[in-house]
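Please see the structure below; I have some questions.
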Amino acid sequence: MAKIRTATILTALIKRDLSVAMRQRSDLLNPIIFLLVVITLFPLGVGPEPEILGRIAPGVIWVSALLSALLGLERLFRDDFRDGALEQMLLLPVATEWAIVGKIFVHWLLSAAPLLILAPLLALLLNLPQEAWFTLWMTLLLGTPVLSSVGAIGVALTVSLNKGGALLSLLLLPLLVPLLIFATAAIETAASGLPALGPLAFMGAILVLTTTLSPFAVHAALRVSVN
Amino acid sequence: MWRWLHPYAKPEATFRLNQKLLPWFAVPGIIVLAVGIIWGLAFAPADYQQGDSYRIIFTHVPAAMWSMGFYVGMAIAALIAIVWQIRTAEWAILAIAPVGAVLTFISLFTGAVWGKPMWGTWWEWDARLTSQLILFFLYLGVLALYAAFEDERTGAKAAGILALIGVVNIPIIHYSVYWWNTLHQQSTITQAITRLERPSIADEMLWPLLTCILGFLLVSSALVIMRLNNEILKREIRRPWAQQELTGHTAEGGQS
Amino acid sequence: MAGLLSAQQVTSVRGERTLFKALSLSLNCGELCQVVGPNGAGKSSFLRICAGLLPLQQGEIQYQGESIEQCRTAYHQDLLFIGHKAGVKPELTAIENLMFFAQAQGQPFEEPPYDVLATVGLVGLEDIPAQQLSAGQQRRIALARLWCSSAKIWILDEPFTSLDTAGIELLHGRFDEHLQQGGAVLMTSHQALSQLKGAVSQIVLEYQH
Amino acid sequence: MAKIRTATILTALIKRDLSVAMRQRSDLLNPIIFLLVVITLFPLGVGPEPEILGRIAPGVIWVSALLSALLGLERLFRDDFRDGALEQMLLLPVATEWAIVGKIFVHWLLSAAPLLILAPLLALLLNLPQEAWFTLWMTLLLGTPVLSSVGAIGVALTVSLNKGGALLSLLLLPLLVPLLIFATAAIETAASGLPALGPLAFMGAILVLTTTLSPFAVHAALRVSVN
Amino acid sequence: MAGLLSAQQVTSVRGERTLFKALSLSLNCGELCQVVGPNGAGKSSFLRICAGLLPLQQGEIQYQGESIEQCRTAYHQDLLFIGHKAGVKPELTAIENLMFFAQAQGQPFEEPPYDVLATVGLVGLEDIPAQQLSAGQQRRIALARLWCSSAKIWILDEPFTSLDTAGIELLHGRFDEHLQQGGAVLMTSHQALSQLKGAVSQIVLEYQH
């Protein structure tokens, strides 16, 4: 019975957050615009040689995924903090960690889903060798939840401050570097025709680790921030 | 654990302990460090490949090792602060962070200076170098987050959470040379210590190096202890014992 | 007996100022307690401590004789807290906000609760985002939760803010009803609660310099 | 006399916004570290070959410019809208356009100035050919005000719920792309040793156009949003 | 004579609802006008129209006989508007907020206005960001503007919100002073202005379905 309750509350929370996001559709577009600009920028900057483009493609796609996740991150708790919805969340009759999982999921859905859909297009535009496409997609699938859940910790820590995104990214990017390294390693291995299971397994481990631990860290951080 | 920690939850007890410990770190620290440096710079033989430029090792390696060690120490303090809500542990985070940041900076700087003759470049985006740079950013992040809060306790708690999470970077720094085949050489010394075998480095170079490592540890610890005591005094300034401490009415160690 | 909700020897320090020391409260079923005091005395802080949102320096808050840290979920299931910031999402309509609140409290409606909206006087405004409603109407959305929750303990921080006289009367009626059904209310207000039928106990906080 | 008044009010506004952004002196450092962190990501993702790094350097630096502009953009009017400072701004006894210029200026100062200061260092770290340094700097100088002032229009439109907002922020994209194209063209010309006056002149034209027109557009957008 | 501020046959439509039709008002020096009505009647809308923040469908607002569109800058120089959202920056301290307001109104202080803060009861809280003050204290920062502005026309939307009784009394005193000095006040409040010495005219708005 208690289990079912948790599920109801969680779906209610997710549904609400999704409809809030859908009302402010323009905010949804910001990360996508950013992605598109980045992807157009590099061929322009580097010149059209397909070979070089292909080499930098994994890095460029991943760095932009990282940065565009950052763009939407602030909104994760900030608006809720300002209008009091965050305290109500802490008062929900479920373990707050579940509610946090819900919020992280919504952020992931809004920021990563477009990326996962656009990934083949980006790979094509940037001339990534075809062998690596699937691996790229896998790294994004495994890695973007990590971006959202680690990012949530940073936002939770800074939500009561009115600091710009700079502080947030200063806190977060160092934590995310391992992910970036494994992801690009995997794609590069795949591009050279080898199986990339090793780095992908590492990413899976990171994924499991962060998604299970981060709700607790976020909860601790929120309790510090909301007072 | 709690029973052991509990007495030091009282700032005054920590302060007294620190006062007793400080001379045991500061005095030997300065002596050991001086001996190690002079030994390393003046008496150890020149390297047959690198000539004299290898002598940077005597600052580079200790700084690099302890930049990581102090981060772990800071994370442990953070854990204690978060789990047991002990204020002294919160202040310990703040006492360690700047010292650690300086150590990290020294290792980066000496590494870069050493890299020029060795690899022909100041900076290379090699995994070890980059992860060490990230350690520097982490230290800065902890300090920046603390400074960003108006309320010190909130700031210390937030910084503590970040410090704890940042620990993931430490194994990355250490194993980066194994995971990626890059410029930076693999650990000979740490490996030797952990595997109890003779390191592949000449004894005449090893001993001054070990002396320097010990010296760095002692001196940095002394700095941390001093900073921690300052912090305690600053926060407890209104308490009678701190007043007495400052005005110096009671004899040293008179009451505890 | 410990009472439904009790605070024991609670002390709160914010910044460098001690707001109150050794404050105690015992709230039983059917009781309403009004916390009064000048601006900045610490009324909201006390309410937030009671709701478990703010750490307290000393003392304990108990729900049915158990510390609220221990029985967090059970307590929150029985608690309805509305603070200065009411937690109404400005982007969503009144109905959407209400549906969410009901679901979150474990009382999902089968269909949109138009009757509740009618009670609080929001007929005809169902489809407008809360942001575009007047101050009082936004407050009414938050207060509509009082009509669709089974929580026994209500903690309300200045619920009358922005309400017109009719709204205040309505709320008084609802309080009476809730108390008769065995609920309890802990609230602040700068206005006297003279219209209430039941007894009102008061906690007076002074501004400590 | 009326002129002096405008200047006083404008400085007051700028001073206030700056102090909102910088509660402490240490806040000044954040954007700088942020840039360094972002720049660190690319070599990690793309690989350390100096030659490739040098080629993507303009793109990388421009992406960071875009990101730091976007990160701060939301704050430009949204917070003011939520706490009522925006209506007070519309009631100031000066032409509102001036106040808007002030706000855009603050955004530019906070997001672009650190970049302009650090640009040489970034160019060094990323191995950009030395001939192109000055041109890179010029493109940033000419381009970043465009980011701020075009971005302001988008934020003003979306500051309250505004159905048209989503569409219009998509329209901003086509405005930004020419800017990027000219910027990278200029840097490349310079890197190959030729004078890059042509593209720079185009950028100057875009700059003049957007900075003079955007205050009026922003004002119109705000009057729609704040009601 | 046209009066200091006058509204002529003002009509306002929001969404699909006509809030009020052909509403007129004439406010002279030394007069206070209170707009009353239930939640959502359109009081705030009317005040915002008078301040020039909201477009009106029909009619005109005049300042000293001139349409406020024409003499916008002069009007805004003479106007002090405090709405539901008070425009206090939560990141800044009380002093910083106040200094900005004074400068923006063209009355820069030579030095920080500690006396004004003392008047509104914020002594000792000068250095705390407004965010960390209580609801009533934040309101007091906004209202402190009434003590450091030379504006003749005050338009205040529910200024008593969150204030304790002492604060409300203080405000009444300030209103009396302002009216005696020849100022004018247009305000809304759900509370009666019984403590005022001068005469209060009322505009009653009904909620139109």
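Each chain gets a letter, A, B, C, D and E, in the order it is written, and its residues are counted from 1.
Everything below uses one rule, namely that a contact is a pair of C-beta atoms (placed from the backbone, for glycine too) under 8 Å apart; a residue touches a chain by one contact, two chains touch by 3 or more.
All values derive from a computational prediction rather than experimental measurement.
Note on connectivity: the fewest chain-to-chain touch steps from subunit D to subunit E number 1. Chain centres here are means of the Cα atoms, and by that rule the chain farthest away from subunit D is C.
Ranked by how far their CA centres sit from the centre of subunit A, the chains are topped by E.
By C-beta pair count, the most extensively touching chains are A-D. A straight line joining the Cα centres of subunit A and subunit B is 33 Å long.
With centres set at the average Cα position, the gap from subunit C to subunit E is 29 Å.
Taking each chain's centre as the average of its CA atoms, subunit A and subunit E sit 45 Å apart. Note on chain placement: the centre of subunit B and the centre of subunit D lie 39 Å apart, centres being C-alpha means. Annotation for subunit D: residues 20, 23, 27, 30, 33, 37, 40, 44, 47, 82, 161 touch two or more other chains. In subunit B, the residues that touch at least two other chains are 130, 134, 137, 140, 144, 148, 150-151. In subunit E, the positions touching at least two other chains are 84, 90-91, 128-129, 132.
Note for the complex: subunit A touches subunit D at residues 23-30, 33-34, 36-38, 40-42, 44-47, 52, 55-56, 58-60, 62-64, 66-67, 70-71, 74, 82, 162-167, 169-170, 173-174, 177, 180-181, 184, 188. Against subunit D, in their complex, subunit E makes its touches with residues 48, 51-55, 73-74, 76-77, 79, 81, 83-92, 96, 100, 103-106, 108, 129. Those residues of subunit E that touch subunit C in the complex are listed here as 14-15, 17, 37-40, 42-45, 84, 121, 124-125, 128, 132-137, 139-140, 158, 161-167, 190, 209.
Of all residues in subunit A, those touching subunit B in their complex are 150, 153, 157-158, 160-161, 163, 167, 170-171, 173-175, 177-178, 181, 217, 220-221, 224-225, 227.
Those residues of subunit B whose C-beta lies close enough to touch subunit D in the complex are 123-126, 130, 133-134, 137, 140, 143-144, 147-148, 150.
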